[in-house]
Structures are given as structure tokens and as C-alpha cells.
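Shared chain: chain A. Partners: chain B in the first complex, chain C in the second.
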Partner chain A sequence: MIPNPMLYAILALWVFGAVCILRERRNVRVMIYLFIFSLLTSLAYFLLGSPDTAMAEAAIGAFTTIFFIVCFEKYEALKVDGPQPEESPAEKRPVGAWLKRVVAPLLFTAVIGALMLYFSPGGEVVDHLKSQYLTQFAQDVGGENAVTAIYLGYRVYDTLFEALLLVVTVLAVAHMSYSTSLQSTKQKRYLKPSVVEIAVVRAIAVVILLFGVYLIVNGHITAGGGFQGGLFIAAFFVCRFLIHNIHDLPVYKLLRLEEVVFASSVLIAVFVIFLGMTYHLPAEHLPMFQGVYMVIMNFMIGMKVACGFTILFYRYVTIERR
Partner chain B sequence: MELTSNIIIIIGTVFMLFGAIGILKFRSFSLRVLIISKIDTVGAVTVVIGVALRHGISFFTLRVLLLLGILLVVNPMVTHIITRTAHVSGYNLEEDRGQDDT
Partner chain C sequence: MNPIEVAAIVVFLISFYGLITGKKMIKAVVYMVLMQSAVIVFFLSIGFQSGTVPPMGAYLEYAEHIADPLPQALMITAIVVGVAVTTINITMLMAFFRKHPTTDWDEARKKSMEKEGAATLPNLESQS
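After this line comes the complex of A and B, so read on.
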């Protein structure tokens, strides 16, 4: 692969963006910087030849930005009115100023130089495991997308534990935000969407849902998969919230559904991969069985991710402490 | 065809460059929103049309044209939301009129 000069530009922008995030005091600007940072990361993944990860990164960046904005909005509403404790300005010492002027730029350049040294997108990598995966995945796991074959076949253990992490996170958010003093903001209405917004979002939501389903169903052939498709389906529910302002989504039923889907995906993975069911099948039925397995697993994971992110979004947006 | 599409893509990037310069130059809200909408619509649409011309008649072009449709619908809506939110949250257009010399 030819080293792309755009990658080096993105690398420099990463360091620059990180310094911007550290130096910025206002939360809204930090969130915008964070979103730009994740977009740059997504572009870098794409340039390095991994559209699956790029898609997941872009979608997750958008979702985390929404969550942060909602959280800070609630936090501002929680603040007690009255005299705020003034932040005492840091005493200016000559040593500190000297550090700022000389040492910080030196450190900055040193960090960029060190990163450039270790960053070799076109370098020779002798990797037997990689060649093993890339040549054998079509027989071992099936499908045409090596990424999906790896995360549903060779690395299904890691995938299950990542999925478990998301389930635990959603459970924690749903149960920690549950209290009798918490009320749904059924009366409070955010800014009412205008006619233009309703029409456009209604048209776009269908496209988003179709794209999510396409990613899930075609995950083993083209770039995509369960995680990305699930995120897009959750984005469809966010669109529904934006236009209809639904507050009565059955969050706890969704939570049960997510747990059931997660448990069944674990069972399927155990039966197919860990117990080696593919070894007992006749060879002519193997590709079809593998395709069915991958589509089902992608569907399960997509459903789980969609449920999880929808629950997170609805809990964050609709619950408010009075 | 190759040359034409390259010229169209370059024109689009020039539009985007002018937009970026304009965001840095102007300080008032309304002018900035105007320029952002120019980047979103004129620049992006020109670049996408150039890319579609470059690949001729193929399945890729169909997908690019679908993307063009989504861009044409969504980007003006984003500008609309920004301006409307500023209006609803009480931003006064008369106040920022004097911030630019133009």
C-alpha cells in the first residue's frame, strides 16, 4: 500500500485537535471538537482500508455527541441558582510562563515526531496470523467480508464480551436513572419542529432505516455488520423522537428484549463455533449454513445494539430531575 | 469527460475554500450562516456532480446521485435549523449588523 500524505495531515490534525480540546474551557466547543476528532478518525480508518470501522466510528461519534450535549444541558438545568463559587485565577509565576513558552512547543513537536516514527502505513509487516486469517476465512467461517468473518468466527469470544459490556452499560443507565423522584418530561416540550424539519426528517428516516437493514443483511458480503446496522436503526428511532416527540416508548420491554437477544446470540455462538458444529456437516451444505449463521448473528447483534442505543437515548433525553 | 469532471471538482473545492475564508473573515451570525449554506449546497453539490461525471454511467454513479439527493434535501435543512434555533432562542439580528464593515 502506498503511504498516503493525507494520513500524515490527519495525524497532525489529531494532535492539534487534542491540544484544542485540552485548552478549551467551554463545554459546547469541547463537544464540537470531539465530533470533528471522531470524523477525522473515521476518515483515517477509511484511508487505511477499513470501511467497516470507519462507519462504526462515524456513527458512534455522532451518538456520543448527542449524549454529551443532552447531559450538559441537563447539568446546566440542575445547577443551583445563586452566587457561584468564583474560580480563583491561577497565580502567575515566571517559571510557569517559561514552561508555557518553551517547553510546551518542544513537547508538541517531540510528540508529533515520535508519532510519525511509529506511524508506518506502508511498512512491511510480517504477520503469519494475518495471512492465515486472510487466506483461510472463506473456508473456516464463510462470507466474503474478512472483517465480519473475523469478528463472528475467529474472534467471537471478544465480540460476545463487547456485547456484554454494552448490555451492562445500558442496564446500569436504565437502573441508575430510575427513581421515584424522577419524572418523565411529558409536559415539557423541546423546541417544536417546524414543517420543513418534519417533512425532511420523515423522508430521511426511511432511508436511514433501509440503510441499517441493508448493512445488517449484507454484513457478510460487503462492508458493514451488526454493530453499524444497529447504530443506524437506533438513529431511525432518534429521528422518530425528533418529529413525533414520543415519550412513551416501552423502555423496560426493550431492555428485556435486549437481554433475550444477547442471551440467544451467546447460545448460537456457543453451539456453532465453540462446539464445532460446522465440522459435522457435509461439505456441500457448509457454505449455506455459514451464510445463515452469519446473517443470524449479525441480525442478533444489530438488534441488540439498536435496542441498547435507543434505550440510552430515551433515558438521557426524557428523564429529568425536578 | 475526465478533464470536464476534474474542472467541475476544482470549481467545487474553490467554492468551499471561499466559504472557509468567509467564515474566518466575517464575524456576524447572519453572514456566517449564509456562507455555511453556500459551502453545504453549492460546494458539495458541485463536487458530487463532478464525481458522478467522472465515473460515467455505472452503478457507482447511481449511488452518488442518491447521495446527491440526500445532500440536496438535508443540507438546507441544517441551515434552516441553525437559523431557526437562533431566532427562537432570542437572537437579535439588528444587534450584529454593526459587527462587520461590509
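After this line comes the complex of A and C, so read on.
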């Protein structure tokens, strides 16, 4: 009997999705397959026992697809496959070219796969670190979610550098892409949404915003946290664009806000974690202090991620059309 | 051998094969997304047993198998880093497409070779 049939079915579909993406030639269909693939990935994460990453992957998959589609909307030529290569007859094509194009990459991939399977750890894993984290996190960092305790307590360096990387990404995208007018109020739209679509998005948007705030505030107790909540809040601003078709958000002010939030989150982490503020507190106030720290830190990260993704989306939308 | 790990390795190899044989730049970006998902599934599947519960909640000590929280926390970071890489890739793709209107690697190489040749040949002649 298969122990976990749902997980294996989803993994089989997942591999099949990758094959579909490999075989597909039209770019728009590749995007649809990519979206389905990321949904399946999210389900697989959930069944592997990690709802935090599943939530992050679901939101990130949607955002990746949105970015690609906005890119297609800007440059229509990317939608089609480009000029078809002129088909040379089979007898003219030398055998060496076929070897070089198909057989050599296949062999190379097969060798790498064999090496990976040979060296893959498999089997028993030494898990003293896991048991240490699971037994200690409630006293050391607080909260009821071990994942949040790790990324806000034990490994807060990772979180800070990842936040820094997101700031750098937003800056790079803002400077590599150029746009004629950031503050233009109306943009020509090619596909006009109907009244029903606008009404539905308007109804969903509030729920998305509430859900994002809920994830941030309860991130230290249940699944969720700063990243996921921030992504949902950024999705609210995408909905806002869909409803009103304006991009009047002051992008550069948002960028300043993101930098300020990042700097203050670094300061909070330095004071609380690295300088060991928790050691000087009386023991009866410790749980409340830890809860306040985690909520504030999640809120900071959420605000930063929301600012970053809103800037990215609005930046892609306002890039100049050829 | 864990079948989940095998599935992750297979998806990684499929996207690797696509990356080294593909001709379209957009699909190269997509393959990098796939590779990242495969790596994350591989990490999350370490030490996985059926009946694993997520590492959260107040009654963790009564659970039989608990998922390892450390790879999960690292993989949340990896997901956000991955989407940062994807956005940079898309921006570079759009900037390239604005400059040379093609998304085919071979054509792009040909065009840049032509441009480089036009730029460097006079210099070579003047030096000789």
C-alpha cells in the first residue's frame, strides 16, 4: 500500500507539468503551464508538512505569472515564437549536428543525474538539530510556530540579508527599466475588463487585504508570517490597479519607505537578538515581550515585502511601450 | 531511495536539459524557476515520513512525526531570493529585447558578433 497516495499523485503531475513546459513552443501556453506547475508545487509543499512555504509559493507563483504577462503585454512580439527557422531537409542536415544538438546534452544530463542519485543522502538523517530547535524554540524565541521562530530568532541573519537582497532587486529593476512618466494617471488598455470582472475584483480585494494582515499578525502562532502577508498586501495593490486602471502611487516615496522600514527592522533585530535584550528582562514579562517582538518584526518584513512587490508591479506596468 | 527526492531530481534534470538545449530566452527564465522549485522540494523532503505534521501548534509534543523546521525556514528565504532572480531576469530580457528585437539565443549571438566585428575590425586594421 502506498503510504501517501495524494502526495505521490501530485508529484507525478508535477513531473508531467515540467515535461509539458519542455515540450511546449508557444510562450503564452508556457506561462499557463508555469502557473499550474507552481500551484502543484505549492500543494506538494503543503503535503510535505510545510504550510508556510506552500503559502509563499502560491503567492510567488501568481506574481511570477503576472510579471511575465505584463512583459508580454508590453512587447507583443514576445508572445509569438518569433520567426520560424527555415526547415532544412533532413538529408542535408549532417549527422554531427544531430549528435551535438540532442545526444550530447542528453548524455551530459544523464551523467549529472546519475551522479546526483549516487550522492543523494537518502536514508537516515541525523536530526539532533531538529529536536533541539523543536524543544527549545518556545523558550528561546517564543511563539508557537517553529519556522517563524527560526527565521526571526536563530537565523535572523538570513532574513535580514534576504530583505537586503529584495531592496537591491527593487533598486536594480527601477534603474534598469526606464519609463517616460511615472505618475501618469490613465493608460490605454487593450483588453477592457467588463463590469462583472471589476465588481468581482473589488469584492475580492478587501478579503485579500484582510487575509494579508491576518497572516502578518498571527504569523508567530499559525502558518504565515511577514513574507506571505506582505505578498498578499501587494496583491491588494495589484487589484487596485485592475479596478481603477491608474498608477498614481508615488513609486519613489514607496522606495524610500521600503529603505526606512528595512533599516528599522535591522535595528530592532540588532537590539533584541544580537545585543541579547531578552536576558535582562524579568522572566514573567518574557513571553509578552517575545510576542511583541515577533509581531513587530513580522509587520516590518511584511511592509517591506509589500512595498517591494508593489514597486515591482507598478514599475513593470509603467515601462515604456515601444 | 526516497521517491520524492527522485521526482525532484528528475524535474531538476528536465529543466537542466531544457536550459542547455533551449533556444528561447523566456523559456530559459522559466527553466530557472522550475529548477528552484525542484531544489526546494528536495530540501523539504529530507527526513520526510508519511504522517508528518507541520512544526507548529501548542501540542507538538504529542505528535509522532514532526517536519524539520530548519529547511522550511531556509526555503522561505530561498523562495523570495528566487523571485528576486526571476524579476531581474525578466527586466534584463526586456532591456535586451528593446535593444535587439530578438529572443533567440542563436540570433542574438549572431547579431552581437556582427556588431562586435564591425566595431573591432577597423581597430585591428589600424593596429596592423
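Note that the second predicted complex is superposed on the first by the 256 of 322 C-alpha atoms of A that agree within 3 Å, B and C clash if a C-alpha of one lies under 4 Å from a C-alpha of the other, contacts with A are read in each partner's own complex, and residues count from 1 in each chain.
Methods note: a residue touches a chain if its C-beta (ideal position, glycine included) is under 8 Å from a C-beta of that chain, and two chains touch if they have at least 3 such contacts.
Quick caveat: nothing in here was measured; it's all calculated off a predicted structure.
In the superposed model, A:Phe35 makes contact with neither chain B nor chain C. Contact with chain C, but none with chain B, is seen for A:Leu165 once the two complexes are overlaid on the shared chain.
When the two complexes are overlaid on their common chain A, residue A:Phe232 makes contact with neither chain B nor chain C. Within the superposed three-chain model, A:Gly113 lies in touch with chain C and out of touch with chain B [touch as defined at top]. Put simply, more of the residues of chain A are touched by C, taking chain B and chain C as the two choices.
In the superposition on chain A, contact is made by A:Val207 with chain B only, not with chain C. Looking at the shared chain after the overlay, A:Val196 reaches chain B, while chain C stays out of its contact range.
On chain A, the surface touched by chain B in one complex and the surface touched by chain C in the other have no residue in common. Interface of chain A with chain C (complex): residues 3-4, 7-8, 11-12, 14-15, 18-19, 21-22, 27, 30, 34, 37-38, 41, 44-45, 48-53, 56-57, 60, 63-64, 67-68, 71, 74-75, 77-78, 81-82, 101-102, 105-106, 108-109, 112-113, 116-117, 120-122, 125, 127, 129-130, 133-134, 137, 144-151, 155, 158-159, 162, 165-166, 169, 172-173, 176-177, 221-223, 225, 227, 305, 312, 316, 319, 322.
Contact residues of chain A toward chain B in the complex are 191, 194, 196-197, 200-201, 203-204, 207. Interface residues of chain B, counted against chain A in their complex, comprise 70, 73-74, 77, 80-81, 84-85, 88.
On chain C, the positions that touch chain A within their shared complex are 1-7, 9-18, 20-21, 24, 26-27, 30-31, 33-34, 37, 40-41, 44-48, 50-58, 60, 66-70, 72-77, 79-84, 86-88, 90-95, 97-98, 101-104, 107.
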